[in-house]
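Take a look at these structures.
Two complexes come next, and they have one chain in common, chain A, joined by chain B in the first and chain C in the second.
== the complex of A and B ==
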């Protein structure tokens, strides 16, 4: 897609000399007004809350003090409490686990599946059908996916345990406590991989579709073996796309919380709490707003750094591909 | 590598693909059959992989239950209102960004708008919870949800519409000015029809995100307004969960996004890949 803009000199004379009147720009303020409305909305629902959180991160705000409006400045103690709390450390350790076995695995599986699907299924109809089937989980409400997997993973008469018994992996009296303290995080990760492998799959698949066929024909004429084509042509050309898929999954992953609410509510005990989940619990359920705000700000800074890096990368990729 | 070796690898890769398809389908299949089972069969010691007694009445029960029906209607109201609002604001801003604000400011503005999509919801919900609490309509209302869903849908709509407007050939607009069309008429008669397929995919994406949303709805609403994901726990009575009703209800709730995806797949893949690859 070549997005070269027509150079200004090609415009007709009347267009270059346009003033106001029967012309789209009645006033140069109109485009700003058009952007201004959405920007105002975003300021109200994104910037205002950020500032609010920034303020309360330094106050000892909780249910009572919020009600009587008598919270006071406590310096960095909220941040100190958050950073030193055992609960936070454990949740970060879990987050890393989840990022490796969730996000990374999803991108890996998605890439492999997309390439197998594109290269090896020759029947066009079958190809599309399989793609739809594999992408479908992505469209489902995450809450329903959570409920469904909670149901499938029941220990006593759950479908997964009985499937494993039927295959012969489990003894007929054996049960895996999927949602018990030992495996709960893994179970949530499985549900997440089931749903979100679809996204990298779709991204890599559409990336592969848009690669120019001429190169592949040349490789075929030269008699290059399939793995060589994969290593020397497909993967290098898809490098950026795969990276973008990974970053998108990664950015969703650190704020991942919906399936935790549905499947375990952070339990048993606190064994499936991720950092964002703790922030929600603190803020809404325990109404420790001050500490929750400190959590939120730490997460916000982390997110801002990530987003900036990502957008910078994206800008470069878009420029290189003449997209933008 | 010998020929038979290559064939073996090919075979294994295909097996892997079909195992994955089976893994994708099994939960959905099990959901479908569970939604037709009676409770007793679900609570049996060994789950059946084919329902022994078919009970379509699970589905009629859902539509006869006022609570379930209301939650579906609430979801429809919230998701459609939010989609219309996102699309309207997104089209305005997208058009201005694509056509007029092309300098450094415009570019940074568009990336800033996009960056809001990656904003962690945790930094939004808690303040908004207390802010909406102080308003006359309260936290637990349509307005609060419709507004909050803009956090993720408005950046998406703006960015995608900007891309679609950029793709639309500018020459057609200029020709229509030359033919004496007014700016407004040009916009509605020439430009909008050009980006109409794009608008459909944007609307669908926004709608699906709003329909599927759980976090905001769970934390902010639940009594007056109850979207369908928030309604699901009410199928639990005491210690017993009526899984057949949960599954039937989930089936009903997930048919619209899935159906939409299958029917309008082309638009959707375009929107998704643009939204993803281009942002």
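== the complex of A and C ==
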């Protein structure tokens, strides 16, 4: 019909003017404009700061030197300072504590709850309602969860202490300083467990749902008791799924800042600081840019190694299951 | 070892809303040591029946008895049945050895006894060289044999085999059928074999129960099913190629008129039965195997024109047309006839089956 249409007819249907039916005329600049803007944003907020950070990790930059532009090259001394600092060592020790009592507990509790929910609750409606109920904390923003638990854990007028007094565990004059130096990290961990147990729960639950029912029927016909089925069949088959749930929580742990910021801001003193929080504190609060950059690099390397190992493991798991 | 009796068995899924009546008034008596096949098309309720026997599905009404003991409320373990699954259902995290050993391990056998028995079974099923592998490293046929082995390793009252040959290629299937028959002859255990493949059912079993639309159609040996099918469904389902069916009118002097000149003679018993029931219309069925180009096969004949000569090597399937009616004839390989040839087709009166047009029962 239209002579102009034929030479470019390999364009798809949507690439034509709806009214005239002609091919759209595209200026060669338009693709550049479309890709260019996001690239500019990326350069501005990711690439440039990263290069800048890389540069300043080797300078003695702080607020004053940044202001007067007179920082100078100091070699690896920023890294040396970070690695040898007591503050860093203590924060790594706390990170390990958080991993054991936070991430591990979440995965353990999540697995137990998921299996109880799947195996014991027979009523489908009840099952879904309980699942929704248990997943709800995960839907809240972490900062809100932090605020919520900060209120609950107040020494005076906090609901938790009131509860403990009412059921007689605490004397009426006694108070537990939940957010004091002694328990602050544990309190944050409790809040985190409350929120994130649902993630391993969901992962393990969906893993259990996807196990073939015929295997369980075979075990039933073979006459295997329930605990034997759990020990010999269910848990070994969920091993990889549980590991993946753990790795996801583990990878979240090194960027765990939100609840610490809201609940204690790293305090009292420096008693709840994790490595990332120190980097944040150094860079944004104290404007010790050089040292903060060194922190950021170390955390980046740690995360990169961890992620690589994780991806390698995941690949092996997928390879092993590709046979099935 | 035990006999198995099923009385008025019913299974209704989702009672009330969206009710599905999967098994209707099912009655069956299986003798001790018998090999019985449960045959039927997909969705006929054979798997539901089997799952009720094993105890994986609750029984809506009726009862199942092992040696005159009602086992309705027994768990699968108490019933002491062994089952091989269509989907193999091997434990994926176990090696083949562990898979075979698991039923014995559950029964707390000693480890030396376990390895002895596993060795025997592996020998019998020719899987000794793969005992250290995991199920996902095996081919479908090997997995099938392991799944069979896991059922055979126990000493159950009844063996249940659910479509265990469906994933095997034709060659291996033939070999396994032979093996299974041999195993049954050695063990002399009651076996129930569920399948939708009539060839497997007829080849293996002493008796076959044919199911369709949730109802047991006929229970008998291969002779009964082949020569005295109870109704149109069984006549149609059993036999390959399928039986020829034609609408027919009864006319005097013991013949059934189909159309035009095409007519079949009947035996005296059938024609007197038709006269007694005063039926003028019926469905006539005759198996392609019972039609022949050779006059030795029978003295009566019909005439028709060859439409297709399907040459299958050791035999031929001919499609013949007489007037408006076409039907199939299974013969020895025919090379010298071609399309359009007029042929005389011989048959025996006794092989003509007449079915009631409404109830579809054999007369």
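Here are some notes:
Criterion: the second predicted complex is superposed on the first by the 270 of 324 C-alpha atoms of A that agree within 3 Å, B and C clash if a C-alpha of one lies under 4 Å from a C-alpha of the other, contacts with A are read in each partner's own complex, and residues count from 1 in each chain.
By definition in this document, a contact is a pair of C-beta atoms (placed from the backbone, for glycine too) under 8 Å apart; a residue touches a chain by one contact, two chains touch by 3 or more.
Just so you know, these numbers come straight off a predicted model, no measurement behind them.
Looking at the shared chain after the overlay, A:215 reaches chain C, while chain B stays out of its contact range. When the two structures are aligned on the shared chain, A:34 is found in touch with chain B, with no touch to chain C. Of the two partner chains, neither chain B nor chain C is touched by A:173.
By the touch criterion defined above, A:194 reaches chain B but does not reach chain C. Of the two partner chains placed by the overlay, only chain B lies in contact with A:136; chain C stays clear of it. Once chain A of one complex is fitted onto chain A of the other, the partner contacts of A:207 are limited to chain B, with no touch recorded for chain C. Partner contacting the larger number of chain A residues, of chain B and chain C: B. Judged by the touch definition given at the top, the superposed model places A:293 against chain B, while chain C stays out of reach. When the two complexes are superposed on chain A, the residues of chain A that touch both chain B and chain C are 225, 323-324.
Across the interface of their complex, chain C is touched by residues 212, 214-215, 217-225, 228, 232-233, 236-237, 320-321, 323-324 of chain A. Residues of chain A touching chain B in their complex: 1, 3, 6, 11-12, 14-15, 22-26, 30-32, 34-35, 37-39, 41-42, 45-46, 48-50, 52-53, 66, 109, 112-113, 116-117, 120-121, 130, 132-137, 139-144, 147-149, 151-152, 156-159, 162-163, 194, 197, 199, 202-203, 206-207, 225-227, 241, 244-245, 248, 251, 254-255, 257-258, 261-262, 276, 279-280, 283-284, 289, 292-293, 295-297, 299-300, 303, 306-308, 310-311, 314-315, 318, 323-324. Residue ranges of chain C in contact with chain A, taken from their complex: 54-56, 75-77, 81-83, 85, 87-94, 102-103, 106-107, 136-137, 150, 154. Listed in rising order, the residues of chain B touching chain A in the complex are 1, 6, 10, 13-14, 16-17, 20-21, 23-28, 30-31, 34, 43-47, 49, 89-90, 92-93, 95-97, 99-101, 109, 111, 113-116, 118-131, 147-148, 150-151, 154-155, 158, 166-167, 170-171, 173-174, 177-178, 180, 182-183, 186-187, 208, 211-212, 214-215, 218-219, 228-229, 232, 243, 246-247, 250, 253-254, 257-258, 260-262, 265, 269, 272-273, 276-279.
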